[in-house]
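Consider the two complexes below, in which chain A is the common component and chain B and chain C are the respective partners.
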Partner chain A sequence: MSFFAWVELIASGLITGGVYALVALGLNLQYGLMRILNIAHGEFLMVGAFLTWWMQSQFGFSPLLMLPVSFGLLMALGLAVHFLCFRRLTVTSPNLDIFEARGLMVAFGLMFLVQNFVSWQWGGDLRGYDYLTDPVRLGGAQFAGNKLLVFGLALAFSLGLIVLLRMTLLGKGVRALMQSPVGAQLVGIDTRRLHPLMFGIGLGLSGVAGCLLSMSYTISPSMGEPYTVTALIVITLGGFGSMGGALAGGLLLGVVEAVGMHYTNPSMKALLSYTVFIAVLLLRPEGLFTRRTRKA
Partner chain B sequence: MNDRQLLVRDLLVWFGLTGWALAIPGFGSDFVVSMALTCLMYVALSSSWGLFCGSTRYLSLATSAFFGVGAYTSALMLESAGWVESIALGSLVATAVAVLMGAAVLHLRGTYFAVLTFGMTELIRHAITYFEKSVTGTVGRVLAVVPERDTIYLTVLALASATVLLSIAIRRTRFGLALVGIGADEQRAQTLGVNTRLVKIAGFALTAAVAGAVGAAMSVRWTYIDPQTVFNPFIGFQTVLIALIGGATTLWGPLIAAVVFSLLAETLRLAAPQVYMMTLGLLLILSVLYLPGGLASLRWDTWKGWRDDTRAWWRERRHEWSGRKAREKRLARERRLG
Partner chain C sequence: MSYVLRFPSRRRLLQGAAAAVGASSFAPSLMAQSAPVRVGYSMSRTGPWTGGAQVSQEPNYLLWAEQQNQAGGLDVKGARRRIELISSDDRSDTETVVRTYEKLMGSDKVDLVLPPWGSNANFAVAPLANRFGYPFLAPTALSRRLVEMKLPYFFLLLQQPKPMCEAIVEMFKANGIRTVACVYVDDLFGLENYAAFRVALQGTGINMVEDKSYPGGVKDLSPVLRSIKDKNPDAFVGFTYPPDTILASRQAKEIGFNPKVFYASVGTAFPLYRNVMTPAGAEGVMGMGSWNAKTSPGAKAYFDAHVASQKKEPDRWASGACWAGLEILTNAVKQAGLNRKAIRDYVAATTHKTILGDIRFVGSENVGTPGTIGQWQNGEFEVVWPTPRATAKLVAAKPAWN
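So, the complex of A and B:
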C-alpha cells in the first residue's frame, strides 16, 4: 500500500472518529454529570439529521444554517424532556442506584417513542441530499469536500465544549458537580439549573452531529442505535465522565475500525467494535486513558 | 393473610388459569390460539426474568440472547432428535451460555451489568451472522419438520405454567430468600453467610433455562429463522418492559402485564405498528415515573394518591395564576421592610 493510500485510510478513520467523539461527548456529559445513561441519545442524532434533511429538501435551507437551528431545537427538546421526566425521577428515587436503573428505563421508553415517531412521520426509507460532493486534493490524497467539512466542524464543536468546561465558571461548576455532587451543592452550585442545561447541551450536540452526518451519509430512522452503541463504547474507552478521554477514544475507535475493516471485511465491523467494548468493560472498567487512582 | 393462605390462593389461581388456557385450542379460532401463544411466551419469559432480575435488582437485557440460542439449537437438532429432546437441549445450551456469561459479568452492578448483557447479546448475534456468512455461506435456516399447532401450544403452556409454579415455589425456599437478600443489600447478605456469587449464577442460569426452552419451542413457529429474528433485541426489551410494568418483584404482575400487552400488540400492531411502539415507550416512561412498583402494586390508595396530587398541583397553579401568590409575596416583603 502506498503512502497516500495509508493517509487516506487513516484520515477516513479520523473523519468517522470525529463524529463518534461529538456524539460521545454529549452522552458523557449526561452520564458523567447526572448518571442518566441516555440510551436514546442516537435517536436524537437521527432527529437532528431528519430535521436538516427536511428543511433542506422542502425549503432549500443550507445545511450549514441548520447547524445552530438543530442545536437550538434539540436543546429545547432536551430541556423539555428533563423537565417532564428526569426532574420527577430525581425527586422520587431513594438513591443513586435506583435513579440510574429507572433513568435507563425511561431512556429506553424515549428511544421507542422518538424512533417510531420519526418513522411514522417521515417513513422508513433511506434519505439523503447532495452537498459539497466535489473531491478536494490535499497533497497526493483525495477527500470529499463534505467529509472534510464534517470532520472540521465536529472537531471544532468537541474542542469548543472542552474549552467551555475547562475555562469558564459554568464549566468549573459542572466539573465540581462531577467530582462531588454534595460538595458542589454545599458551595452554592445550583443543580436544579445546571442539570437541565447540561442535559439540553448534550442533546443539542447530538443534534449537531446528526446535522453533520446528513451532509455526507444517507439517513434512516434506524440510524440512531448504532451511534448510541458506538458512543457507549467510546465513553467506556475514555472513561465515564472524562471529556478529553471521550475525544481521544472517539478518534481512536474511528481509526481502529477503518484499519480493521481494511484488513478483514466490512461485516466484521460490528463484531470488532462489540469485542473491543466488552473487553474494555471487563478488563478496565475505569477507562483506557485514566490513571489508576485509589479504589474505594 | 398468612403465608399458608397466600400459598393456597396462589395455587388455586394458578390451577384455574392453567385449566382455562388448556381449553383454548378446543374452542378458539386459529387467531385466538396464536394470540394466546404469544401471550404465554411472554408470561414465561417475563416471569422467569422477574424471578432473578426482579428480586436481585440485576437488570439483565440478555433474554433475547438465551431465546435465540435456544431457538438455534432446536432448529439444528429438530431433524435428528425428537421434539422434547431438542427443547431440553436448547434450554441446556442457553443455561451453559448463562453460566459462562454470569461468571464473567455478575460481579458488576447496575448500569454496567445492563449495558454489558446488552453488548454480549449483540456480540452473539453478530458472531452467528458472521459465522453463517463466512463459514456456511447461508444466513438463516428453513425448518422442514414442524410439529402440529396444538403440540407447540401445549408445550409453551407447560413451560409457562411451570415457570409460574417455579416462582411460587422458589420464593418460599432458602434460595429465594437469598435472592431477595441480595436485592436488598448484597454486602449484608454476604455477611450473613450467603454465597452470593453462586446464588446469582444459579438464578441467572435458571432464567436462561426457561428463556432457552421457550426459544426452542417457539422457533418452529416461524418455519424460517435467521439471527435477525430470533436474536431480536426487541424480545428482550419487551420482556423487561412487561416485567417492570407489571411489577418485577411480584408474582402475578408480569402475568397481568403480559396479557394486557399481547392484546394491545395484536390489536394495534397490524393497524399501526409505529403507534404501537410509541404507546409502548410512553407506557414505559409513565409506569417508571408514576408507578415504580408496577401494575400489581396498583391499589385503591394509589388512585387516591394520584387524585390528591393532581388536586394539590391544580390548587398551586390557580394560586399562582390568579396573581395571589405574587401579591402575598410582595406584601410579606413590604411587611418585613416596613
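So, the complex of A and C:
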C-alpha cells in the first residue's frame, strides 16, 4: 500500500471519527456534566435529521440553514423535557446515584416516545435527499462535500465548546458544577438555571448532528440507537465531561475502524470498536484524555 | 282482529315455531356467509426492517384489502365477503413475529395469514405456518435453505439466489466482464447470495478480485470501496440492504469508483434510490428488479392503483412479487374457499397468471419467473436481463457517477 493510499485511508477514518465526535458532544454535556444518561440522545438526533429532510424536501429549505433552526428547536425541546422530567427528579432523588438510575428510566421512556412520534408523523420509510454529494479533491484524494462539512463543523463545535468551558465565566460555572454540584451551589452558582441550559444545549447539539448526518446518510425512525451506543463509547474513551476528549476519542475510534476494516473486513468493525472500548475501561477507566485522579 | 293477535290459532303457533326452528338452524351459516374474512399478519412498522416492509409489503396488503372490499368483498367460492385485516407491529423483532403468528393461527384462528417482511422473519415463521396448516405466500424471502426445508404450505415468490446470480453471471459473460469485486451483508440473505454467486462464477473465467462481508447498519464502506477501487475490477456486486445500497452508491461516487457494472441488491429498485441519488446519479446502476409498469397491462393497472391509493410508487422488484402472491391467493380462495388444505393444493398444482407473468411452484420455489436484472435508465428502473423479459435495452457500460 502506497504512502498516498495510507493518507487517504487515515483521512477517511478521521472524517468518520469527526461524525462520531459530533454525535458524542451533546451526550457528553448531559452525562458528563449532569449524570443524565440520555439513552434517547440518538432519537433526538433523529428528530433533527427528520426536520431537516422534511424542510428540504417539502419547502426546498437549505439543510445548511436548518443547522441553527435544528439547534434552536431541539434546545427548546430540551428545556421543556428538563422542566417536565428531570427538574422534578433532581428535587425528589435522595442522592446522585438514584438520580442517575431514575434519569436512565425516564430516558428509556423518552426514546420510545420520540421514536413512535416520528413514526406516526412521517411513517417508517427510509428517507434521504441529495445535498453536497459531489466529490471534492484534496491533493490526490477525494471526499464527498457533505462529509468534509460534517468534519469541519464537528471540529468547530468541539473547539467552540472547549473555548466556552475554559475561557468564559459560564464555562467556569459549568466546570464547577461538574466538580461538585453542592460546592457550586455554595459559591453562588445558579444551578437551577445552569442545569436546564446545559441539557438544552446538549439536545440542540444532537439536533445539529442529526441535521448534518441527514446530508450523508439515509434516515429512518430507528436510526438513533446505534448513534447513542457510539456516543457512549466515544465519551468513555475521551473521559466524561471532556469535550477535547470526546473529539480525540471520536477521531481515534474512526481511524482504528478504518484501518481495521481495511485489513480485515467491515464485519469486524464492532469487534474493533469494543476491543478499544474494553481496553480503555480496563487500563484507563477515567478516559484516555483526562488527568488520572485515581489508580485504575 | 285483536283477538287473533292475542290468541293465535294452533295452526299459526305451529307455523311460527317451525319458522323459528328453521331460522335458528340456518342462521349460523347465513352469518358465516356474511361475516368478514379475517386475514392476519405482523408487519415491521418500527425498527430497522421498516424501510423495506413499508415499501414492498404492507402498502400492497392494504391496497389488496381496499380493492377487494370496494368490489363487495373477497370472492369465497362465489360469495363476496369483506376482508378484515388484523395486523400488528413486530418492531423488526423475530421473536415478536413468531409470537404474533402463534396467536393469529393458534388462538385467534384467523381465516388466512399474510407473511411478514424479510428472509429472517419468514425463516422463523415458515415451520410454524406449516404446523398450523396455513398457506404462506412469501413475497420478500430469499433463501435456498427455506426451499430445502420442503414445507408443503410455504411458497416463495421471489427468484432465489441461484437464478438471480446465474442471471448476473450470464449478463457478465455476454458483456465481456473479466473481473468482479463483491461485498455482502453478513446475514442469511447476504451469505446465501454470495455463496450462489461464487458457484455461478465457477468455470466462467471471471475472476473475483475482492470479496468482503459487512454487518447490517454499517455507516462506512469507504475503506473497503477504496481497496476495491485500487484493484480496478470491471464489475462491482453488492448483496446489500436498502440503507447499505445507498451508502455504497454514495461512497463509490465520493471516491470516484466507476466500474463498468455497478450492481447492488435490495433497495436499488426502490423509488427512494432515484430520489436520493437523483435520476442522473442513478443512471446505469443495476440491481435486483423484475418488473415495471411496462411489463404487462396488469402491471400498469397495479402500478397506477398503488400510486392512487398509497400515494407512493411501488418498488420494481418485491412489490411486484407481493402483488402476484395476492393475485394467486385471491384466485385460490375463489376456487377453493377458505379450506386451507384446498388452497395449498391449488397454489401448488396451478400455473398462475400474474402481473409478473406465469408463476408455478416446484416445492416451495417459484420456477416460473427467471433470474432478472434491473437498471436505472432515465429515471425508470428497467428490466434489462434476460432479453425476453426486458422492458429496455441493457446499457452495458455504466456512465461515471454524476
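We take it that the second predicted complex is superposed on the first by the 287 of 296 C-alpha atoms of A that agree within 3 Å, B and C clash if a C-alpha of one lies under 4 Å from a C-alpha of the other, contacts with A are read in each partner's own complex, and residues count from 1 in each chain.
Here is the rule we use: a residue touches a chain if its C-beta (ideal position, glycine included) is under 8 Å from a C-beta of that chain, and two chains touch if they have at least 3 such contacts.
Nothing here was measured: the structure is a model prediction, and the numbers come from that model.
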Touched partner set for A:282, first chain B, second chain C, both or neither: first
Partner chain(s) touched by A:88 [first = chain B, second = chain C, both, neither]: first
Touching partner for A:270 - first (chain B), second (chain C), both, neither: both
First (chain B), second (chain C), both or neither touched by A:37: first
Which superposed partner A:119 touches (first chain B, second chain C, both, neither): both
Touching partner for A:232 - first (chain B), second (chain C), both, neither: first
First, second, both or neither for A:135, with chain B first and chain C second: second
Touching partner for A:104 - first (chain B), second (chain C), both, neither: first
Contacts on chain A seen with chain B and repeated with chain C across the two complexes: 115-116, 119, 267, 270
For the chain B and chain A complex, residues of the former touching the latter: 57, 59, 104-105, 108-112, 114-116, 119-120, 122-123, 126-127, 129-130, 133-134, 237, 240-241, 244, 272-275, 277-278, 280-285, 288-289, 292
Of chain A, residues touching chain B in the complex: 37, 85, 88-89, 92, 97, 100-102, 104-106, 108-117, 119-120, 229, 232, 267-268, 270-271, 274-275, 277-278, 281-282, 285
Chain A partner contacts - residues on chain C that touch it in the complex: 44-48, 50-51, 53-55, 92, 183, 186, 212-215, 217-224, 226-227, 230, 242-243, 246-247, 250-251, 253-256, 267, 270, 272, 275-278, 281
Chain C partner contacts - residues on chain A that touch it in the complex: 5, 8-9, 12-13, 16, 19, 115-116, 119, 123-130, 133, 135, 142-144, 147, 216-218, 220-222, 226, 257-259, 261-262, 265-267, 269-270
